[in-house]
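Same chain, two partners: chain A is paired with chain B first, then with chain C.
Up next is the complex of A and B:
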């Protein structure tokens, strides 16, 4: 939303990111180097892309717990297609198709089965994971040619390819969200589903598309992950749903739907990336890192709740 | 209760109301929708805080600052939606939260069932205390609720339309029970819209109108027509700027609409230039009718014709395509997206038309909305979310959604509820402009003066049926109210 409040909120997130960066810069000489910043960008890409789909879903008032499993399933479909000798474009289309299909199933059941998204996507989380394991018999699919791996390792100028992919994804997703009727309906459905329905908008169709977008984003993340690891693993993407929800929520998107932005989500994903990177540089144990990240998530939402004017709610 | 006053933003719900209850009497509380009955009872039960006035119990002033205070004083309300747990037994429900216990916390089941059994026996109820509540009929559940209040030594019992869902045999049982209660010295406040019941059960009656006390009298001194007159004779202080337009062609015809439990064989026609008022009590099926015509709900049978041709209203989108625009009753929940700006709300139903291949050209929503915003004089800035506007401006935004399209059949469900006086007049003027331009308006209203002042013709609904059709020229508040109450009108 382009309301003043939402802008102030987003501004706050950016300030949070800058303060965090300043602290880490002061504490570690390695933080503010080009190499490290590119490193952060690269490590943030996958969560950032998954979080795009999550932002669409949460803006519409839903939730998608199946994104991590869809990353795994799309990844192994991609790996299998590549290993069976399919051309790269064909394999990519297969991966994206698998992701979109999972999302369509999620959205169709949420819309026409009238089930809570939490339940439907929880089921899909298990189903997609199970399919990935069954399909590969639990073994990773590894070893791809250089052309494919360049999707992770390549650079254009000095910018890593995954960062470029992520940038393109954000630009397109942002334009769709702010400049199209579909994007308008995403906000409207999350803001007031009944009023939107009474305005003649097909809720079922648009919700299904929203979950399909989420599936598509998981598939894009799967491509980047598989290329980076040079291996498609059926156990990949564990807990990705939580990272994506965290990035979305830290970025100021309301879990109630209707309010938030992709810019916020990108900053949210960067905060998580910077935090992880910084804590690593400082030699903080990974156990302690989890505690810090959890505290940041709660803190961000707490600040949100305080900032929201009581009278303006609903 | 003496001189009770309660104001909400923009409306005085109770203005110096008195109500005296005697032990062992059934005191009937009568009044139209919005007369202040519920508000008064909510003040008594502590759900609302009164602004002025005092409440005395047995002659002593008492402070009721919340539901707990009222309970402690023995004041109990039985709402239409019962507060019972379906999965527990009758006895557990009766003693919920106050079950007899042993050894600090273990429920003494034997005593629980014995106490409950005795209470049920005293009240003449024939089911066992072990029965699970969900096995009981609605009437029996109501009796359990009454027993529950007695178990807590209620001295004042308020019953809010207890018979609205009961069969006549169940009503008899309930009335027998009420008599047992009064013989125990309980004072019963009985709220109803069924005037025939009033004489069967009541001793005295108090009539409220527009938040004011009209009369309190014993029932042997008044007749049903007297009561209707007392309820209906509201001050028509407001001036209605009604402009009559000669009715034109038939725009909409509804034939034999049925929807289980809410609509029963509803047929009528709406002509161009006409305001068709729909009156009736809450729950008479007015809003349900509006929703069916607007495509929000499907009818079980019957058909809708627009411009003489049968149309299939498969959803709101289909209704909008046929030029039907709904101003829903629950503005906030159904009318607009609170976080959206004025322009975005107005453009919401028109996305398909505005979009070019799905893309919204920059500023297209504002270009659509701005002239209408100006015309309706909607006050608000371009970036302000609609949830921060006043009720009147919000209502205008919902209206503007349909004005921006080519709607010619408007359904206004309580168009001026929660709207200040100035905005009310603007909405009435707008209705005149719409009918002058050849639109047809269906106006559902619980405000009798508004219904009489703005309609050309009035349909009165009662229990999902059209109970009367009255030409506005011959309509009076009494006639409309009699029909709404199900009396021969």
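Up next is the complex of A and C:
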């Protein structure tokens, strides 16, 4: 039942994306061009990757408000490592390590401190942001070599490198979520934590790992963002948590946990990317854009709740 | 099941059309053959940029060009600003005027504008010269005020009104921004040769009014004997004025701001604020559009088009 329902929901989201695209195609002659579609793909990558971690966390019944701050902290760690002359692979490992470490701290406190994830990650949001500002004295770290920047500016064939990175991330994350026991436990913990614990699963360990995944994804996003801006800003990533939650929710993942998919999240992120792009092309004021995006978020969840009690009969 | 799918689809179709309906009336101007000039601002929720847009719009109407004004939701969101530039390039704009949210970061997007042969005019905040040169980005002109000179103006005024003897606090903007850094450098350079002026505290309040209040309240706790505060923007200065009032010290601490916003002028007239350095954002907007139109016609612009600065004090605000 649940999987059929999820599939129906995802189908609806895809239709939504297609209809939105059709409307924009009708309204703007600039929308459906190869260059513009590549722009959308590239502009969606950062939110899409952060949303992977967010989907894991929300599927397990949690929330991670610290992702944006972790993007900033990982970014400045990466920037500092590169500027101190470290080799690129070393700097990347430093960035990923910082992200994972923040996630592990989040997860450990949620698991063994028995605090609500909202509180723990709200605290981490402030701590990681403060550390990024303290570490850089508030100043951006900028100016990197071409090799690193190609992570954002490079292309394989005609496809931008960040799009490829995002694709690889989604494939791996999807396989882990659907084909491994860890993935099963993500759903199980979100569906019924007590039952999962009684069946002998170490909830603490798995939750910690789930938040670590979220930290890791924030770090991957930080690498792409730093390469894109040619600068690591301690104030980067503000409000990314809300964009990631929005993509996840539009994609049909239930905030109560246990239901949802990464495919849905990717489509959710694309809907947001297409909307922002289209509203830019049409010259809609940024104030109106916020209203539209807010309406889409509420609309998508409204559809969810509308659909649920009827699905059994339908 | 099928009914559920159907319902979802219908709901999203309705939503999409709602979106389209909202957007429709805004999409019209691109239809005629007037050239379109894009003005990308840092944000539209600051009076400074709202004034700039007004000046730009008046010039665009007068010169018969379409003006597309876009801005990120938050002033510091340079990634969003890059997206806006990338998207505008697709719409076939003939010139791009931009107030960079990040002097270095925005260069990447400008490379793309240049590749599309779109002339670029920089407004208000300068590009980082080295980053632009490294990326091979040439711009048509810089239009703005000399923030360093404005800071000096404020510093000279501080020395004059205090008789060269004061304990001074500074409210900084977001660190690492060229605009704020230049104002602070100008102020510090202007007061540094006056031995009686001591800068007792200098902290960022990130351009915001509420942070100006909080930060200055904390400064007053640590240094109750502050005589004068220089805020790198009026919003922070207005916050500081509230903090001074809350401490019951109105009239005992002089406040010098920057931007000469309407609220600041009222405060100056009321005597709660000493002075503010006036910039003329609507002039910047006007000159940006006029410059863009000249460039489209193939004319050359001077590298720097400077907009005047003025010290607004109680005497000048009355006029």
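We adopt the following convention: the second predicted complex is superposed on the first by the 307 of 314 C-alpha atoms of A that agree within 3 Å, B and C clash if a C-alpha of one lies under 4 Å from a C-alpha of the other, contacts with A are read in each partner's own complex, and residues count from 1 in each chain.
Quick note on the criterion: contacts are C-beta pairs under 8 Å (C-beta built on N, C-alpha and C of every residue); 3 or more make two chains touch, one makes a residue touch a chain.
Predicted, not measured: the structure shown is a model, and the values here were computed from it.
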For this session: Would you check which partner chain A:206 touches, where first means chain B only, second means chain C only, and both and neither mean what they say?
Result: neither
Exercise. Touching A:129 in the superposition: chain B (first), chain C (second), both, neither?
Worked result: neither
Exercise. Which of the two partners, first being chain B and second being chain C, lies in contact with A:138: first, second, both, or neither?
Worked result: second
For this session: Between chain B and chain C, pick out the one touching the greater number of residues of chain A.
Result: C
Exercise. In the superposed arrangement, which partner chain does A:196 touch: chain B (first), chain C (second), both, or neither?
Worked result: first
For this session: Using the touch definition from the top, say if A:277 reaches chain B (first), chain C (second), both or neither.
Result: second
For this session: Report for A:235: first if it touches chain B alone, second if chain C alone, otherwise both or neither.
Result: second
Exercise. Touching A:174, do we find chain B (first), chain C (second), both, or neither?
Worked result: neither
Exercise. In the superposed arrangement, which partner chain does A:12 touch: chain B (first), chain C (second), both, or neither?
Worked result: second
Problem set entry | Contact residues common to both interfaces of chain A (with chain B and with chain C) | 4, 314
For this session: Could you pull out which chain A residues touch chain C in their complex?
Result: 4-5, 8-9, 11-13, 15-16, 19-20, 22-24, 26-28, 30, 33, 35-36, 39, 43, 46, 137-140, 142-143, 152-153, 225, 228-231, 233, 235-236, 238-239, 275-292, 295-296, 299-300, 302-303, 306-307, 310-311, 314
Seminar exercise, completed: The chain B residues in contact with chain A across the complex are 294, 296, 315-317, 319-321, 326, 328, 332-341, 344, 347-349, 351-352, 354-355, 358-360, 362, 383-385, 387-388, 401
For this session: Quick one: which bits of chain A touch chain B in the complex? Just the residue numbers, please.
Result: 1-4, 179-182, 184-185, 187-188, 191-192, 194-202, 258-259, 312-314
Exercise. What residues of chain C sit close enough to touch chain A in their complex?
Worked result: 1-5, 7-9, 11-13, 15-20, 22-24, 26-27, 29-30, 43-44, 68-74, 76-79, 82-84, 86-88, 90-92, 102, 104-105, 107-108, 130-131, 134, 174-176, 204
